[in-house]
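Some structures are shown below for you to check.
Same chain, two partners: subunit A is paired with subunit B first, then with subunit C.
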Partner chain A sequence: MSSGLNIFVLVKQVPDQGSKAGINPDGTIDRAKAKRMLNPFDRFALQAALHAKKNYGGKVSAISMGPPPAVEILLECLEHGVDDAYLLSDRRLAASDTLATAFALFKTVAHVGKPDLVFCGLQTTDGDTAQVGPQLAERMGLPQITYCEDFSIEGNKVHGRRIIEGGYQKVVSEMPLLITVANSYHPLEYKSFRGAWRVQRLARNEEELKKYIHTVDLDLVGADPERTGLKGSPTIVAATEKVGEIGGNCRMHEGQSIDHLVKDVVKETNLAQFMTV
Partner chain B sequence: MSDRIEYDLLLVGGSPSNLTLAYRFLQLAKDSGKDFSIAILEKGKEFGSHILSGAVSNPHVIQKIFPDYKEKGMPIEAVCNDSNMSVLGMEKKWDIPKKLYPKTFDKTGYLVLTLSHVTNWLANQVQALAKDVPNVTVDLFTGFAAHSVAFEEGKVVGVSVSEEPQSEEDYVYGKITCFGDKGFISREVIDQYKLRDCQQIWSVGVKEVWQLDEKAENVEGKVWHTLGYPLIDGTFGGGFVYGMKDKKLTIGMVISLDSADPNMNPQQKLQDYKKHPFIQKMIEGGKLLKYGAALLPEGGYYSLPKKFYVPGAILLGDALGVLNVKNLAGIDRAMECGYVGAKVAFDALIKGDTSEAALAPYQQQLEDSFVIKESYNDRYFRWAFIENPKLLGQYLPDMVKSIDKSSPWMGMLKIGFKNPLGATKDGIRSLGLIEGKLDIGPIKYKPDFTHIVPDFVKPKYDEPKYDKATIYSRADAVFFAGTKYHEGNRHIDEFNADTCVKCISKYDKLGKDTPCVSDCTAEVHRVDVIDDLKKHGMSLENCVHCRTCEIVCPEVNLRVKPTSQGSGPDFIGL
Partner chain C sequence: MTDNQETQPDVSQFCPKGDVLVIGEQILGDLQPVTLELLGAGRILADKMGQPLKCLIMGHNLGDIPQRLIEYGADEVFVADSPELHVYRTLPYRRVVCDFLDSLSAPPHTCLLGSTTTGRDLAPRIAAHFETGLTADCTELDIGPYEHKSKVDPTKIGLYPNCLYAIRPSFGESLKARILGPWKNPQMATTRPGVMVPNKQDPNRQGKITPIPVNLKQEDFRLIVADTVREISKGVKLTEADVIVAGGFGLGGPEGFDLLRELAAQFENSAVAASRKVVDLGWIPYQHQVGQTGKTVRPKLYIAAGISGAIQHRVGMSKSGIIIAINKDPDSPIFKFAHHGIVGDCNQVISEMIKQLKAVKSGKGVEAVVGSH
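Take a look at the complex of A and B:
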């Protein structure tokens, strides 16, 4: 592969778990009130993409879908060392479910180019469906390695290790390929000061910034608006229930060893009845 | 790529002092016709997320820089309309008549602030002003701490932005570096140039913000500073309760770390404080919103570094130690440092001279200002209580008892009867020191941990009745500090594990916890039993960066360092 890999990483901006996001009357999350951050699961995908670039050469493009403030996470990706970024932002995308989202992303990815590798996080912390990655692979007609916690590339083949219940599974697939990265993968490395410095410079110059962060809409990527947003989403949120306040009682157990501590906890609670050993 | 990144001004710490400096500098540079560059490093994930204060503050310095601070939307929680100084018994509270306490404790007309919000607002103001001053570039770096100071040929030239700097890539340079941190990094400068004759001494502030019940009485603008319960063991310190808008309430304590009690536990002292009926009445049915802790440099005048500047750098705010305990004030003083520092830095950069001599006016101007003048007047305030432990160890507890049983006046009489000559003599000398009228020359504090008495016996008392739902264990409280760490973080150094083993065994024999375990404000330090040996362990993911453990460690075996990538607590709202 003389020209190097064309690597895409899909990222999403989610409400910061630390801030208390409100809930709209219709049961969806009130995103305006919450602080925002890069989806923690995507941090592993981003690291995997950067690893692939570092080890096998190529170029990383970050792709996101969301309202204009989502540019913040794309700047963060640039700080970490991705080469360029694309933001699909369109009011008609509001209230998209996973089907509509995967469709819009599929069109966006096709607009951006032909990837060798597409990395996604396992899931997001706001929707927690873990469906968009696999759906996107299906739409693109690509094989996929989900729950991938390690990978290497030999020739045109990707050797991946995926977590399964009770162990792991080794799989081999040809590129192009979509990988959803498990959170047992290497955590995202610290961004460099140089990277942050470069992005600060960039962010001051709007014209220059446009060369690195491309904002696209549904018309540009050629996605039928009927198949996105609320219209394109068969999912209906029937109700959202608040299951109590976060916070509660925490007790620190101290003692000889983990075994002792576990025994203590079991003794103090009614867990014993569920124990099989 | 390996070119140096150099700014004209490198500001270490997104503190009120540094942000004031940046803002003032922009004002000065606006019509100068010259180009400048400023970088601000903030270790928190956003400006304000690692800052915590009481706070009730005199807006005089804010007014100088932002005459229109109200229009500019500075976040203000309340304007103090009722300032009280009170002594707490176990059950009752005595509001001291205004004539009997120093007028510096009267905060009427001052602003009740959430310093994290104010700091964030300041950073936004700097950014907004920078847009109008195209000849100055301002880069704000959040999530980047300075990890060590870079010296070249006897001059401060910048800082490293990596825990383990490898190459030029890991440094950022400044023609003038301004240290507005809380000592995490400026201590390297102070050590390098041997600037300290007298030890800095510290206290820890623990604070909670509550959302009061809808039916609770509106106390917006009411301010209480209290002495007495629960600090009746001779430890210097006190409590504060500030009423804020939207039925929010600040409850906090400031407790000196020179306590004789090795198991002082500031977070639990704050819980004890909340058990007092005076506070119970207010928080009943309310909800805890935030918790946090931070250190305060209390040494005052004699703990100031000999020089406030070194070649290529100046020290501001808490890095300097301008907090004034008698005034219960620090924010205005820190901001004044920034205000003065901006002009000196501006003049130095215009002249192209950042030598020691060029920065010397910074110290002169601060010495001519209220900051150091008041610090000089109050130079013995803290010392008066160290010199005579009876004030807090004997007279105050007697007073506390009388407040519950008879009256404060009877208490004073009793103190007089019990110590017919002593009390009067003590009173005259201490008052002389407190008021700054008696001059006893320079003083030298001993490190805080040297005051620890390992077999200290805590005074016993019956706790007031309280609602359990309003009291939080330390482990529960940490949740409300919003700590978040990146994987692999190790920001507290333990120098020698054997030293900790010995220390643990020593306190174990006395039936006590080590000071690091008990005084930690966030359930970080713990004792692990490994192969029947009790060892020191740390749950670093809980840490709120207060640095208490480092100060109280009797073996000087711990060091708290800045963290990377915005790890740490989230104090926004405190």
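Take a look at the complex of A and C:
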């Protein structure tokens, strides 16, 4: 391919679980107050997309769906070296489940162009479903490699390695192809000073930034609003219940020197019964 | 009010009772335990509705697998047998399932898969194809009524008598969410291996085995599997270990796992596991992750070092025999459900534990290393 690969990477902004900001006393999350971050799983997808570009040539576009602050993670993607980014932002997307999300992303991807490779994180940390990637592949009619932990490209073929229970599979697929990247793939490299500097300058100039980060809505990408948001979602959260405290009779060992604490536990649980002979 | 009730639309067409279908899973002829667990859970749902439990299994030369599926609770087993289905591949398996569901006069009420690398690859494709709801990684399933009151779509307001309750822990919260999708059958869900309980095998159980056609298309072969490798020899599988030594963020860094490996080596049939946070940080590969998005385990002994015990981790290990938790924060949630809690620096505690166990093994006994104060 003389013009190089057209590579898309799908990313999502999620609440930072490590931060206590925005966590209500009842355990629910105030997403407006919570600290935001790039979905940790997407870091591997981003690295895979950048690898593909570096090793085989082409262009990387980052695509996200979310409220306006999600622009932050697209800036982060630009700093790491993606060429341009698209944010699908629309109030009518609220309460979309995975099916409705995959539909909206499918329309956005079609609006952006024809990819050779689409990279997604294995799953998000706020939904934990791992469904959107394969659902998008289904909409696009593409083959997929999920749980992909390594890949290389020869001609029009992608050679990938995917995790299975107690082992792995080696697969060979034609492009176009959708890949969900496992976190046993290479971790995301640090952004280059040059990349970060360039993006920081860019971020100060709104007009210039618009050339790199394109914000689109449902009308622009041609997605029927009836098929997104609450209306387009076949599932709803019907009820939530607090998980009751279980056990509650933990025998606590504290206050003594560590060797005595350990000795007590070793004895009381008879740890020797589990030992190798 | 009565007016309102009279004009309430009839929603009974949305989710009629129907079969419960389990999509079974085998790897190279090895029937996966999650399939038996799904038959156990599916049997309960089917009996609640007074409907049959069916199972679809795909592969090649499946031997006694279909019969075993009956012995574990299926009333009818549909078998798709073809050399092209020998190993799992997304597109051929997807084709068989979609064609099969299309061939039925009415879709199943519920369709269940395991949340394995296979089920999580296949289920979303099926759900997207039929534009139906799918809930991932459920920890409980049930059938029950639901009254929909939302006015977003007035045609959907009403009482739905038989809905699949797909119950899963919800993000970052000590909450369980009940997720429903009664507007379209099949209502789909995946469950994690190790969560549902299989029935006892009954060799006298009778059922029907029905072969189904396999008609693959050229486009289903865009991806080929060059090799399937199972690394059985590479250590004990997490789900089969008797003892699990697990580490979290409190370890302080990836090198903390060296210590955990050394501790695990003291135990018979043991394995090392991790919380999601440290897997996300790249301290240890994903295969070691225990919890909602990792594996569900129930070893005889679970030692949790530097793991706070968020609900996502708890659902993956709370059924372990003895849980020993080590954490320097005495208010850590893990102490609410562990059996023994040690408050202290987990690296120091683990080092000490290794030392004492080695002393026990060498016959010196713990007294030799722990002086009396």
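Definition applied: the second predicted complex is superposed on the first by the 230 of 277 C-alpha atoms of A that agree within 3 Å, B and C clash if a C-alpha of one lies under 4 Å from a C-alpha of the other, contacts with A are read in each partner's own complex, and residues count from 1 in each chain.
In the analysis below, a residue touches a chain if its C-beta (ideal position, glycine included) is under 8 Å from a C-beta of that chain, and two chains touch if they have at least 3 such contacts.
Note that the coordinates shown come from a computational prediction; the quantities given were computed from them, not determined experimentally.
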- [ ] Have a look at where A:Phe193 lands relative to subunit B and subunit C in the superposition and call it first, second, both or neither.
- [x] first
- [ ] See if subunit A has more residues touched by subunit B or by subunit C, and give me that chain.
- [x] C
Task: Partner chain(s) touched by A:Met252 [first = subunit B, second = subunit C, both, neither] - done: both
Open item on the list: For A:Arg204 in the superposed arrangement: first (subunit B), second (subunit C), both or neither?
Closed with: first
Task: subunit B versus subunit C as contact partner of A:Ala94, first or second or both or neither - done: neither
Task: Partner chain in contact with A:Ala32 - subunit B first, subunit C second, else both or neither - done: neither
TODO: Kindly list the residues of subunit A that each of subunit B and subunit C touches, one partner per complex.
DONE: 18, 187, 247-252, 254-255, 257
Task: subunit B residues touching subunit A - in the complex, by the definition given at the top - done: 1, 5, 137, 139-141, 143-144, 161-162, 169-170, 172, 473, 475-476, 478-480, 482, 484, 486-488, 523, 526-530, 532, 564-565, 570
Open item on the list: So in the complex, the part of subunit A that touches subunit B is made up of which residues?
Closed with: 18, 187, 190-194, 196-197, 200, 204, 247-252, 254-257
Task: subunit A contact footprint on subunit C (complex, rising order) - done: 27, 32, 87-91, 94, 116-118, 120-125, 127-129, 131-137, 146, 150, 152-153, 165-166, 169-181, 183-184, 193, 222-232, 237, 242-243, 265-268, 270, 276-277, 279-280, 282, 285-287, 292-293, 300-301, 311-312, 318, 322, 324-325, 330, 335-345, 348-349, 352-353, 356-357, 360-361, 366, 369-371, 373
TODO: Report the residues of subunit A in contact with subunit C in the complex, numbered from low to high.
DONE: 15, 17-18, 23, 27-29, 40-41, 97-99, 102, 122-123, 125-135, 137-139, 143-147, 159, 162-174, 177, 182-184, 187, 230-231, 233-243, 245-255, 257-263, 265-269, 271-272, 274-277
